[in-house]
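Shared between the two complexes below is chain A, which has chain B as its partner in the first and chain C in the second.
The block that comes next holds the complex of A and B.
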């Protein structure tokens, strides 16, 4: 019998829910941001690009620490969310979503930015001369032509959120059903010397991650590269 | 007066470059924008399309104001009823030929009273695309791609068709393949076309009106034949002074594979190129291929000899050369001679002479 407990399943469900929500939020946020980075030509775009790439190089604990502080009762974000009546975000699922979105931001922005840069001006001009409005052009020209970029962004955001640990631990504590995801569950098993259960979850993560990368390489052979 | 329906006045200032154009376009036919690279041809086209924002402009097409900076009117590109053909292949890569045409048809400009409605069916038929509909752009030749791009531009039901060197990215054979389709469009379309080119053969075959741009300024603008017969040699295309002879195919000599082109001043024989009897043909005759005799020549190989009158003798670029302007019953002909020959023959204005052109020098 597979030794996966109800708590393990809860962690798996929560992980998938977190990754799914994060991916959706990220696609909505990263698309306009990547568009601006790729096409505005603003002198601020290298600065913003560097900020977006920060989570690639920072230890997740650093990001988690600052988020914890700013979202806490004394922090600016915390006071804002309290003023909104939403309470405090640390140790909640919403708090994890915010952390994951920031943590996985470069994984969504960079593939999209690459795709938008490679697209160039011509297809947009062609669409305009064919009487397509900018919004129409986005849906019927940009989206289909940049589909590999969107697929890469979505798959990487999802996979990277599934694999997140440090930010979750700093920001979420380890509350079953609310903030305990697979990676922290494995940590818990190891702490408790439950190696068999840790093996099943850890092995599952390896298989999942490998499958994701395989599918990605198969979907777009050239589109899946990242830049630090 | 109806010509004033299409009035273009624009100024574009960039560092080191000033473009100033103020012209009226005819109601139909091809206006070729001709000039060396960097003269601002493509900028004019992009400003007309709204792809580039001129410093100051007033653009009225078919009596509809597209842009007027004095009145604060600016229609973005996608609201202007125009068709645009880009220099290189510009088909939407995620769609096949039918999909590209459908993309345009769905967004076509609404029909306007008094203007014919251009449909994708008309475009497909006029450009001979029926057998290509299911192909992707990677499965088309360069010439086919440009024909699809032209058809797609027509499928938006434009009031003005803009073509930016549509043949420049094609090799010589592909250009010859597309050119007849453009001639057909010129003869069948009821809308004005603006065609950017720097190739003299495109100008002579396609233009009804010629607009010569030089360093952002209009050097000349008017009907092609008049301009080419005129006295300003800088208009002469591609550095080669040439004249334009327009005539009808009168007969074929099947034994010798020659075709006779008849015009008011006589007829020219040229190598048979599959022209149909009765067809109107424009022939570009280079001044260096025309020689002059004071008596009707006999015992020579040259097949084409026509009676002319000397209109003018002008100095040419090199001190050894002179340009002689001839009138051949209303058709202007240029001959490039050595000045010594002019002197030896004692050529003078008003003198009747014979102009001779080798049949083998004539090609469409």
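The block that comes next holds the complex of A and C.
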């Protein structure tokens, strides 16, 4: 008998929903950003690149704390979301998505940036001489050639969001169905000395993460590593 | 060259070995961290023993003690954990005693928001922060109060839980939750509530928040640990504890 409760299953479902949403948002955001970083040659791109990489080195609690303060009623983001009529973001699913997108940003941007850098100018020039529109070029030249970069970005964003803890802890408020994810549920079990349940969820997390990285290795034999 | 290596090793060894003189390592529940620091300073001045404070949630400290953490004393946020440690052989039998009794307070950052009877709970507020009732005694006490006032079903959807009473405080103090049940010790400075508005919950609305201290088995016979426990019971220490809103 596996001691996984309905609450645990709720947390698993919510985690997958959060990771899926975050991955979709990240791919939409990170693609143009990585393109600009890889190809604009602007003197600002190292600065933006460093900002994007910040979540790699900052403790998640720092990010979570600043998000909590800035999304609060006195914070700039909080005043903006209230002005929009969206209310305050902490303690909501949308708030977690915003936090996760920021937290996993480098995991999406960097593989794409590498892919776009390795693409070079030549395929784009050839496409242009064949009168392909930029839109055509993106869908029919860039996307197929950079497929490993997109796969890596998507898989790492998803896996990293599943493994996120500190930001959720700071922003979440532990609300079942909205902000109680697997990692915070494990933490709760451990703190409450429910070590058996904690073991089942934590062991599942280890197996899941290993499987994801293994699948990534199979899909992308040469593009699976994260290269900051 | 050999002299250089030897002096390097000696340097590293001196960093690893404990400081001179005797010291006592005290694991402290998060809600008691501020008074514990004051007491530690006063104790060191009075006795000459050095105090290392390790602050964490009681559940985490319990797990660390069970796995061999080198603590001498646990100042728990409840009375169950010390009793459990004694039963499991990790605490010295007969050593647990109540060093403080905590008080729960309904607190808001806004002045005038919380009235003297807590009627604001029946009104249209947005979020009520509590500590996770499963993990923190103050969270369990908050749920008890809501039950006694027959408000649980009314406010359930507006509850947000911090993993500890420290996080519940953080949610209220950043304004993300307009109301919260926190420890009186968190909002009290020198005998009065320093900021915002508060209702000190009457003690008869929840089970007493007894916080017990326990001497851990590894420190049996350690004079520094004994001295600290006696100091904790003394009037100067109790005065510090009361100034943070704890009772005894």
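Assume the second predicted complex is superposed on the first by the 226 of 228 C-alpha atoms of A that agree within 3 Å, B and C clash if a C-alpha of one lies under 4 Å from a C-alpha of the other, contacts with A are read in each partner's own complex, and residues count from 1 in each chain.
Convention: a contact is a pair of C-beta atoms (placed from the backbone, for glycine too) under 8 Å apart; a residue touches a chain by one contact, two chains touch by 3 or more.
Predicted model only: the values in this text are computed from it and were never measured.
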Quiz item: Once chain A from each complex is brought into register, does chain C clash with chain B or fit beside it?
Solution: fit
Quiz item: Is A:174 contacted by the first partner chain B, the second partner chain C, both or neither?
Solution: second
Quiz item: In the superposed arrangement, which partner chain does A:219 touch: chain B (first), chain C (second), both, or neither?
Solution: neither
Quiz item: When the two structures are overlaid on chain A, which partner does A:202 contact: first (chain B), second (chain C), both, or neither?
Solution: neither
Exercise. Classify the contacts of A:25 with the two partner chains as first (chain B alone), second (chain C alone), both, or neither.
Key: neither
Quiz item: What is the contact status of A:123 with respect to chain B (first) and chain C (second): first, second, both, or neither?
Solution: first
Quiz item: Is A:68 in contact with chain B, with chain C, with both, or with neither (first, second, both, neither)?
Solution: second
Exercise. For A:16, select first, second, both or neither according to whether it touches chain B, chain C, the two together, or no partner.
Key: neither
Exercise. Once the two complexes are aligned on their shared chain, state how close chain B comes to chain C by Cα atoms, in whole Å.
Key: 51
Quiz item: Can you list the residues on chain B that touch chain A in the complex?
Solution: 49-51, 76-79, 81-84, 86, 90, 92-94, 103-104, 107-109, 152-153, 156
Exercise. Could you please specify the touching residues of chain A with respect to chain C in the complex?
Key: 68-69, 71-74, 88, 90-91, 169-170, 173-175, 184, 187-188, 190-193
Quiz item: Of all residues in chain A, which touch chain B in the complex?
Solution: 122-123, 125-134, 136-137, 140-141, 144-145, 147
Quiz item: chain A touches which residues of chain C in the complex?
Solution: 57, 59-60, 62-63, 126-127, 129, 132, 134-135, 159-163, 167, 170-171, 174-177
